[in-house]
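There are structures below to look over.
Across the two complexes that follow, chain A remains constant while its partner is chain B and subsequently chain C.
Presenting the complex of A and B:
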């Protein structure tokens, strides 16, 4: 249950369930989002409204992992991977908001052995 | 007839260099867009590597890895990693602030590219140093413009 999304089931935050203190491991974040650029047109020739993520960040028990300042060029369904290390058990949580005001968040816990 | 002056004005705008904003970059370095900051300093690669395919099958998803060799950092840290794609409609493609939880100054993701271009990876260090690594990328398809 710890690794279940808390909000917005359209995302995955993948961390190993158990690590050693200070061990480096990967945190993988996948968000299902169209990231519409506003440059595309539909079959009628009408511009498809732009809808890019406007904010995206992740923290570990309140400490920032990353904060995206600009993300215009992220692909549809953005996928980001980072190398992190933690000293005690805690929870990674990511949150984001797009241009249409849709917000989402997801969290995943990691347990430090010993 | 009415459209012509406007078109000429737009063409005039288009001939301005895309890094035009760099002119006053020194004055507002902290808030200037990433491309302006990059244009305002000489290109130094330092310990930065931008890993991106030389030939991308499609511009809609080009995998990238940006990483900094920690041994080149000394006592400094990497505060931001970014990507500039000068030929994209929005040239500042990506700028990500790194937090203290990260064990490595490394970012793996995928970006969109509009055209064949020189993609520039950027690392901003804690002492204000900018490192950049430019890589030529060929595309077989564009992400931003369709045939309509």
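Presenting the complex of A and C:
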């Protein structure tokens, strides 16, 4: 099922199953991440170590769609959407990395009709 | 002597009637409202759309664990949660978390998951999600159990610095405001739920501990049996409401 969300370890990337060439469509990306600001304290009063996503990039068949520098104003478990149009079928790949060096990625394919 | 006996019989009848009455739910079945009706429109929209609902991240992970560990015995995940919490023969309450951990130690032969650990939250969320739209079907004699009686006593006991019981708000003042927040009926049908205040997903057990904290009273440990008793009581109170995990709460 092309419209089933791609099962990633820590994210969901949702694209429409079928689009028309040059037609704009919405891509949704939801990443599981605490986005810890370093300002919070735990029950013992100790500062919780900051851990923010620092980079997030999206490409389509190797061609960059956007590169984002994400900061502490972004919510935990960030949800991003963007509008894009493509000419031929291909795969969207998102990559991200946080301050502790944990990296993640997810991809989803979109098919162009005709 | 005869009149005395008659009086005793009368008192006992009244006592039984009173007992039967306490087993009646205070909120009429058609007046039941899930917590979803008491959150903002934007949170409701976030809950309704699975693409937007952050709880779906846990559902995905839970599905993977279910397929790896549980699918050998359980053909389908749908409906597995509706009879929970349930009573054991010796009167203990088995919550979804406890049921999973029993399987985990006896069938899967692994160590039990810790409360609020990522795999346990993922599994409970996936199973609750799989029973979406169904309702709790508890055994009919649940109100005769000690667990139910204990939970009702806790639910109605005025405690904490603010002089509240659970009942004072959730049975008697729901829909009204406490400072900026609308008081809900206190049903757990949306749990495990993504809570904005937590910035993550949490169990009903954690939510109940947060209630005790909010009432400025002693917060029980996650493993305290009174929390399991209360989960049973809440499920009984909410019978008829569709399950809707993972809900999004403020």
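Following the convention adopted for this analysis, the second predicted complex is superposed on the first by the 105 of 114 C-alpha atoms of A that agree within 3 Å, B and C clash if a C-alpha of one lies under 4 Å from a C-alpha of the other, contacts with A are read in each partner's own complex, and residues count from 1 in each chain.
One rule holds for everything that comes next: a contact is a pair of C-beta atoms (placed from the backbone, for glycine too) under 8 Å apart; a residue touches a chain by one contact, two chains touch by 3 or more.
Note that the structure is predicted; figures quoted are calculated from it, not measured.
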item: Side-by-side fit of chain B and chain C on chain A, or clash; value: fit
item: Chain B versus chain C, judged by how many residues of chain A each one touches; value: B
item: Touching partner for A:20 - first (chain B), second (chain C), both, neither; value: neither
item: Partner chain in contact with A:75 - chain B first, chain C second, else both or neither; value: both
item: First (chain B), second (chain C), both or neither touched by A:111; value: neither
item: Touching partner for A:10 - first (chain B), second (chain C), both, neither; value: second
item: Contacts of A:39 with chain B and chain C, given as first, second, both or neither; value: first
item: Angular separation of chain B and chain C about chain A, which is computed from CA centres of the superposed model and rounded to the nearest 10 °; value: 100
item: Touched partner set for A:66, first chain B, second chain C, both or neither; value: first
item: Which superposed partner A:30 touches (first chain B, second chain C, both, neither); value: second
item: Superposed arrangement (fit on chain A Cα atoms) - minimum chain B/chain C Cα distance in Å; value: 7
item: Where chain A meets both chain C and chain B, residue numbers; value: 35, 75-76, 79
item: List of chain A residues in touch with chain B within their complex; value: 24, 35, 37, 39-41, 45, 58-60, 63-76, 78-86
item: Of all residues in chain C, those that touch chain A in their complex; value: 51-52, 54, 56-57, 60-61, 63-64, 194, 199-200
item: Contact set on chain B toward chain A in their complex; value: 34, 60-61, 80, 82-83, 85, 88-90, 92-104, 106-113, 143-146, 148
item: Touch list for chain A against partner chain C, complex; value: 5, 7-12, 14, 28, 30, 32, 34-35, 75-77, 79
